[in-house]
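There are two complexes below, and they share subunit A, which is joined by subunit B in the first and by subunit C in the second.
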Partner chain A sequence: MAEKLLEIKNLKQYFNQGKPNEVRAVDDVSFDIYKGETLGLVGESGCGKSTTGRTIIRLYDATDGEVIYDGVNVHDKKSKKDLKTFNQKMQMIFQDPYASLNPRMKVLDIIAEGLDIHGLVKNPKERKERVVELLETVGLNREHADRYAHEFSGGQRQRLGIARALAVNPEFIIADEPISALDVSIQAQVVNLLKELQKEKGLTYLFIAHDLSMVKYISDRIGVMYFGKLVELAPAEDLYNNPLHPYTQSLLSAIPLPDPNYERTRVRKSYDPSVHNYQDGEEVTMREITPGHFVYCSEKEYVALKAVSSARV
Partner chain B sequence: MSQDIQKIPADSFERVHIDSSQAERITKPSLSFWQDAWLRIRKNKAAIVSMFILLFIIIMSFVGPMISPHDAETQTLTHANLPPKVPGLEKLGIMDGYGTLAGKEVDLYELKKVDTYYWFGTDGLGRDMFSRVWKGTQVSLFIAFAAALIDMVIGVAYGGISGYYGGRVDDIMQRIVEILIGIPTLVIVILMILFMEPGVTAIIIAITITGWIGMSRVVRAQVLKYKNQEFVLASRTLGASNGRIISKHILPNILGIIIINTMFTIPGAIFFEAFLSFIGLGLQPPAASLGTLINDGNKVLQFQPHILLYPSLILSLLMIAFNLLGDGLRDALDPKMKD
Partner chain C sequence: MEKILEVKDLELSFHTFAGEVKAIRGVNFDLLKGETLAIVGESGSGKSVTTKSIMRLLPEHSSEFKNGEILFNGKDLTKLTDKEMQKIRGKDISMIFQDPMTSLNPTMPIGKQIMEPILKHRKVSKSEARKVSIDLLRLVGMPKPEARMKQYPHQFSGGQRQRIVIAIALACNPQILIADEPTTALDVTIQAQILELMKDLQKKIDTSIIFITHDLGVVANVADRVAVMYGGRIVEIGTVDEIFYNPQHPYTWGLLSSMPSLDTAEEKLYAIPGTPPDLLHPPKGDAFALRSDYALKIDLEEAPPFFKISDTHYAATWLLHPNAPQVEPPVAIVERMKKYPGSRYYEGTEGGAY
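Then we have the complex of A and B:
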């Protein structure tokens, strides 16, 4: 496979550390993201998907662990200049298109903010031209530059968010549930726009969502999170056809299909963490069952899963 | 019907195209937040009337002492305790210089052989009330505006730092505020006045020493609300500095709330100054403020009601107008009434 763009090693993000109300939002998560791919991250609400994304981009300071971008640890102490280059390479698209645009600023200034911070344009004319170019890239037009954010629909606002992220020419974009606040027809538009942009500009995405069908559509590989831990990581097709971790199986069994015959027989599996019955001292980590397919399991489960998957092949 | 249509020549029709490139055009001009707010406040009659009353009082407080033929501080003992007399109105039977003397209605101007007009009458030392009232209004307004401005600057800075940096900084700053707010304001004020020479500066300091706390709390709450909004996070991921985030993203969004709060601080400060002067802790004679004038008038209410009437009228008008204008501003600047 292509070269690694981002390596996440044992990332931990605890809130209220050491206090009785400690929350382990991200608990020892490791995965790699390859150049040009889309890694989907799914899981139930509150399982730490967004926190993982925000910790990677340094919105939170990680409790422990490393995030290595292009061979450089981004959580090291850095000079302002290094930070700026990093900020330029990694960008984020936010969940709520209504909260992610400043209501007091015109679209021109919202999109040009990155250009101003990084000094990418020299004069107001060039600034305006670049913003118009970005607006056109995301399917909006010139006249929109002088409007305020409240004059746009949800889908248009999300496009503005994408344009703002694209303004600094990033390589890697974290899309934090970019479509969950939009209705279905608009979701498709935005996802297709993201796919097109990926092809055009060679972007790499970390796509955080809880809509499994949308994630399958856009992702090359998918990671499943459960209570702050990554429980399964596999190529998209593999994960859908051959889920190994019981939580993934449960999650997939919950997807409804517009097929009455299938729906009549669909059984919703529930996940009970006690099925693992881990013993004290047993080491539970990510293990590779088949090439590229990792599952969070113990040694005993590993042997069992290996047997199951080789039997299937 | 169909016959009629066929008779119409085809070239009188013109095909209308739907131009998709025009679909996104807007005909309505894009209004900024402030233009929008102005449209809303214009509809609020009470606020507009209040605004004109305030403008009138502010202008009069500067022009008033100048258009009066008498000086505010010149004492003419022979002209003491004259009731109001206004040319023109005197023929209508009001403000005609008549007052009660020993139970009888007499023209006091004639009695004392005064041939000028005192529009608001004179006080016990023969000073022209008209000039004194406007001079007093001027002083009261100055104290109120200065106090509100200082409150705003300290409150916004303190609340902003406390809310934005959060964590331990916030903890310490909020504990200090709680200690300050625990001491009764009047105690601090009396100590301040004893400590310093009574005067305008002392009163401004006395009002502001605890006055900024309200503003700081409002600003802190607003900053806490905005600093984790996604547009602020977006700006941070773009690499914006703290200064940029505060000035471009947070301040413009809380400016409306700050203005509303200041609008309510001003009448509070006017009233507090009047209260301090009334209980004798405020300005010392011969300096006049609305509070000292009311205090003087209060002593002779039964014999010379006009001395109390005018300053209290102005004070009431100021209070009502500021509050109504503040209300209107709140509706205009914060239409969702979320806060």
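Then we have the complex of A and C:
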């Protein structure tokens, strides 16, 4: 695959650090994101997937670890100017299309805010033209520019969120559950739009979600998180056909599919963390089982998994 | 099988500043004893309003029954007084709401909240009600129920809260349980647990369930029969196999095709174009016609009646009229139909007739 765009190394994000109520939301997570790919990040609520996304884009200061974007550490001290260029490259689409748009601003101003900050347009006419162009890119039209957010449906608002993220010509977009609040038929529209934009503009996505069937559809590779740890990372097909970590297996077995015959026979596996029975001093890290397929495991488990997957091939 | 609830020609409107919103425009269905009927559809299709009108939970000043009846035990629920309705609500018919975070009272211990309907509807002492509540908590799989009776909602996780809400709904052994998106706010693994719990409880206490959801995976898992709603009407109703393997209405086709299945890798996902109809000005003919690739001329003029496909399967689309042209459903749907004996695309194990 292509070159690395983003390297996340031993990222840690602890809240209330040092206090009795310390929360290790993200606990020593490492992975890479390649240029032009979509990396899906899945897990239950509270597993730290959103926190990972937010720490990468510097909404939180990382407790420890590095996020290296195109060779530059995101969390290093930066001059205002450097920070601005960095902010332009990385954008975010939020989960709740109702809460993430300012109700007192017109669509024109919401979308143009980034343009103004980065000085990407010279005069009001150009500003308006650019916004209209963005609206058209996401399937809305000129008239929508003078409206307020409450005049739009959920799917349309999410399109506005996407237009706003695209305004500054970013390279990398973090989409934090962008479709969870939408209806099934509208979800498909938004996902198709994201895919088209990726093709056109060569964008890289980090797609955070808990709807596993959509994630598989949009992602090239998928990471599974559990209690602040990344437990498995593999190409999308591989992860679904051949999940190795018991938590991934349990997560996949819990998804109901729109197929009654399958549903009648589906058996749900539950995950019990005590199956690992890790001894003190045993080193548990991400290990590569088959090319590109990483699992969080101990040396002993690694040998066992390796044997299983080579038997399958 | 015995019918427990009959909804006949139900029409309901909301009066708003913008005008009259015709939220339900002629809904008919029966609920049989012991079955699970799933109602699916987009937001605004009228699925929640239908069930809220059964429970009479809609604001009286702005909503109005225009026509039709809801028959439960020979009584028309639309005509009952508030007093009479209070005797049914929470006792014979009870409801599980979508959001377990907001459907419990945050200032009241959960034990008290479970005891409330028991004290209200059954003639029992407080200590007896307490015992029943503890049994209920045990029934819904709550560990250490005695100790947890005194705790407040914020001390429970989302899945546990939904279990408490279910315990409250089951407190008086209701004949009908209405579950309005009970698992939408939950994680997949927790969702699976709650669905298993509901199915298990249904067998134990023999209640009928109306299950509202927009997740077709969940429908395939829980439902015996499925009603698909669109624009304030039911457009197709049938057994779960009939809806998933032999759907007839273009809207059902669209819904089923827009779900990515885990084993297909098509480049583009099918998306139903456009947006749901504005029920302030409902369209004259088939409400789905403007978004449908299969619309006929007549769809724009006259709303289609129900056409019978089998004794249990009906669909409201002109495509089923004898004079309608034969159309080819989307590829994903044809794939589904191949598995269903009785569909014209069925490929039997014998190799088929042609």
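In the analysis below, the second predicted complex is superposed on the first by the 313 of 313 C-alpha atoms of A that agree within 3 Å, B and C clash if a C-alpha of one lies under 4 Å from a C-alpha of the other, contacts with A are read in each partner's own complex, and residues count from 1 in each chain.
Assume a contact is a pair of C-beta atoms (placed from the backbone, for glycine too) under 8 Å apart; a residue touches a chain by one contact, two chains touch by 3 or more.
What you are looking at is a predicted structure, and each value in this text was computed from that prediction instead of being measured.
Once both complexes are superposed on subunit A, the partners subunit B and subunit C fit side by side without clashing.
In the superposition on chain A, A:Arg268 makes contact with subunit C only, not with subunit B. In the superposition on chain A, contact is made by A:Val168 with subunit B only, not with subunit C. In the overlay built on the shared chain, the residue A:Asp82 is in contact with neither subunit B nor subunit C.
In the superposition on chain A, contact of A:Glu22 is made with neither subunit B nor subunit C. Judged by the touch definition given at the top, the superposed model places A:Leu257 against subunit C, while subunit B stays out of reach. After overlaying the two complexes on the shared chain, residue contacts for A:Leu212 are found with subunit C alone; subunit B is out of touch. Of the two partner chains placed around the shared chain by superposition, subunit C is the only one that A:Ser45 touches, whereas subunit B remains out of contact. Aligning both complexes on chain A leaves subunit B and subunit C separated at their closest CA atoms by 9 Å. Those residues of subunit B that touch subunit A in the complex are listed here as 21, 24-26, 30, 32-33, 229-231, 233-240, 244, 248-249, 252-253.
Listed in rising order, the residues of subunit C touching subunit A in the complex are 42-43, 158, 187-192, 195-196, 214-221, 240-241, 244-245, 254-256, 258-262, 265, 268-273, 275, 339.
The touching residues of subunit A, when paired with subunit C in their complex, are 44-45, 153-155, 183-189, 191-192, 195, 210, 212-214, 216-217, 237, 240, 250-251, 254-263, 266, 268, 270-271. On subunit A, the positions that touch subunit B within their shared complex are 54, 57, 59, 83-84, 87-88, 90-92, 94-96, 99-106, 110, 113-114, 117-118, 140-141, 143-144, 146-148, 151, 161, 164, 168.
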